[in-house]
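One chain, chain A, appears in both complexes that follow, with chain B as partner in the first and chain C in the second.
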Partner chain A sequence: MYHYAAGKLDWLAAGLATEGSNALRPRAGDVARRDVPTAALGERLGEVAERVRAAGWDACVVVNPQRVVFGLLRAKELAADPGLRVEEAMRPGPSTFRPYVSIVELARLMTDHGLESSPVTTSDGRLVGLLRRRDATRVAEELGGEGGNGGEGGGGG
Partner chain B sequence: MPTEIDRDGVRRLADQGAQLAEVLPANEYAEDHLPGAINLPLRRLEAQATQLLDRHRPVVVYCWDAA
Partner chain C sequence: MTEEALAARPCSRCDRPIDGCELCEDPGCRVPICYRCLQVALGQAVPQPHTHGG
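Right after this comes the complex of A and B.
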């Protein structure tokens, strides 16, 4: 007999697949863009900005080699002095969401708080993807205002 | 006493054919459960465990969190 003490919360927070009625509803981890560009703390901002633009993005997540999120570079930060190091230009400690939180709930929250984008991370802070408000609201609208699936503890980081 | 395992341990045991049992109430199980898990609510654990579980395969039990 084995005991998975961290339980279902840990499983969901890692963005792993589940079964059940909620599994059919989109959540943060389903809608977050996993192809978001990333940058390391020590990189020069100019090189990063160029790479981000070339990939068709206007935001970039700053991570360490284990993909733990340290900060965010949005358009404003990417336009700063290209000679700066990423760690000098980034917004440190951005609000993050857990992958299992209802997209309907998050679309509402991001709209209410004026959040353009937020990283989605596992419980140990590793990047899953970047959730953009326009993606969240589009999916929520497609669902036609279905109820959320409960998301206490969705914030973090 | 059960042996405590982490997420990787669950995945490894499940791949090896372990049985997963969620001990939360049926409504919580219906919303979300680990792939392949059965529902064995705590109240019915003793009564149903022998009917629903294969005694020859490892069993992993879990609830919501460690609290």
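Right after this comes the complex of A and C.
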């Protein structure tokens, strides 16, 4: 049996306070939108899509009661048959990133791969927020090449 | 592009044959990347002298 002991990266991944010059650089967790709509697996897609649109969003994260990310509903999935259950329409197991990932590198990767949005989660998969590409690229451009990894790790999952 | 050709595409960073892009999972991805290279790109891991075993 392996007992996982949380370490420094888990501290960062939980969004806890950090210090030093590197802590001043914006990272994925700082830019991710925490007010992203969420949905449960058993909900009807039509109800979720209506709620998401009313909130001014075009994406929704599917979570369980502990806010562990199960899937993602982007615009394409939200436009599917409204009678479907969320679990039938969602993109299961989307790529997720830890909150401490460099926003510059992440913006570059999201642009290269055409990702409109990606969930940001803690080490144990709990939703922190949804990082939108336009937010990531805007902050990366403001930094003007600053804000690399700077010795602290990133993380994809 | 055929399914076989897509499956044979290597990681754009290390040339390792991969089934698909670890990041976007798009079979037509122009810059497919393997899990290991993604971890390195994000700062989660450091490049190893023997990238894939050894």
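Keep this in mind: the second predicted complex is superposed on the first by the 143 of 157 C-alpha atoms of A that agree within 3 Å, B and C clash if a C-alpha of one lies under 4 Å from a C-alpha of the other, contacts with A are read in each partner's own complex, and residues count from 1 in each chain.
As a working rule, a residue touches a chain if its C-beta (ideal position, glycine included) is under 8 Å from a C-beta of that chain, and two chains touch if they have at least 3 such contacts.
Keep in mind the model is a prediction, meaning the values are calculated, not measured.
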item: When both partners are placed on the shared chain, which of chain B and chain C touches more of chain A; value: B
item: Which superposed partner A:22 touches (first chain B, second chain C, both, neither); value: first
item: Partner chain(s) touched by A:14 [first = chain B, second = chain C, both, neither]; value: first
item: Partner chain(s) touched by A:4 [first = chain B, second = chain C, both, neither]; value: first
item: Chain B/chain C common contact set on chain A; value: 149
item: Touch list for chain C against partner chain A, complex; value: 21-26, 29-31, 33, 35, 38-39, 41-44
item: Footprint of chain B on chain A - complex, ascending; value: 1-12, 14, 16-23, 100, 149-150
item: Of all residues in chain B, those that touch chain A in their complex; value: 2-7, 9-10, 13, 18, 22, 24, 29-37, 58-66
item: Residue ranges of chain A in contact with chain C within the complex; value: 95, 97-98, 101-102, 105-106, 109, 112-115, 149, 152-156
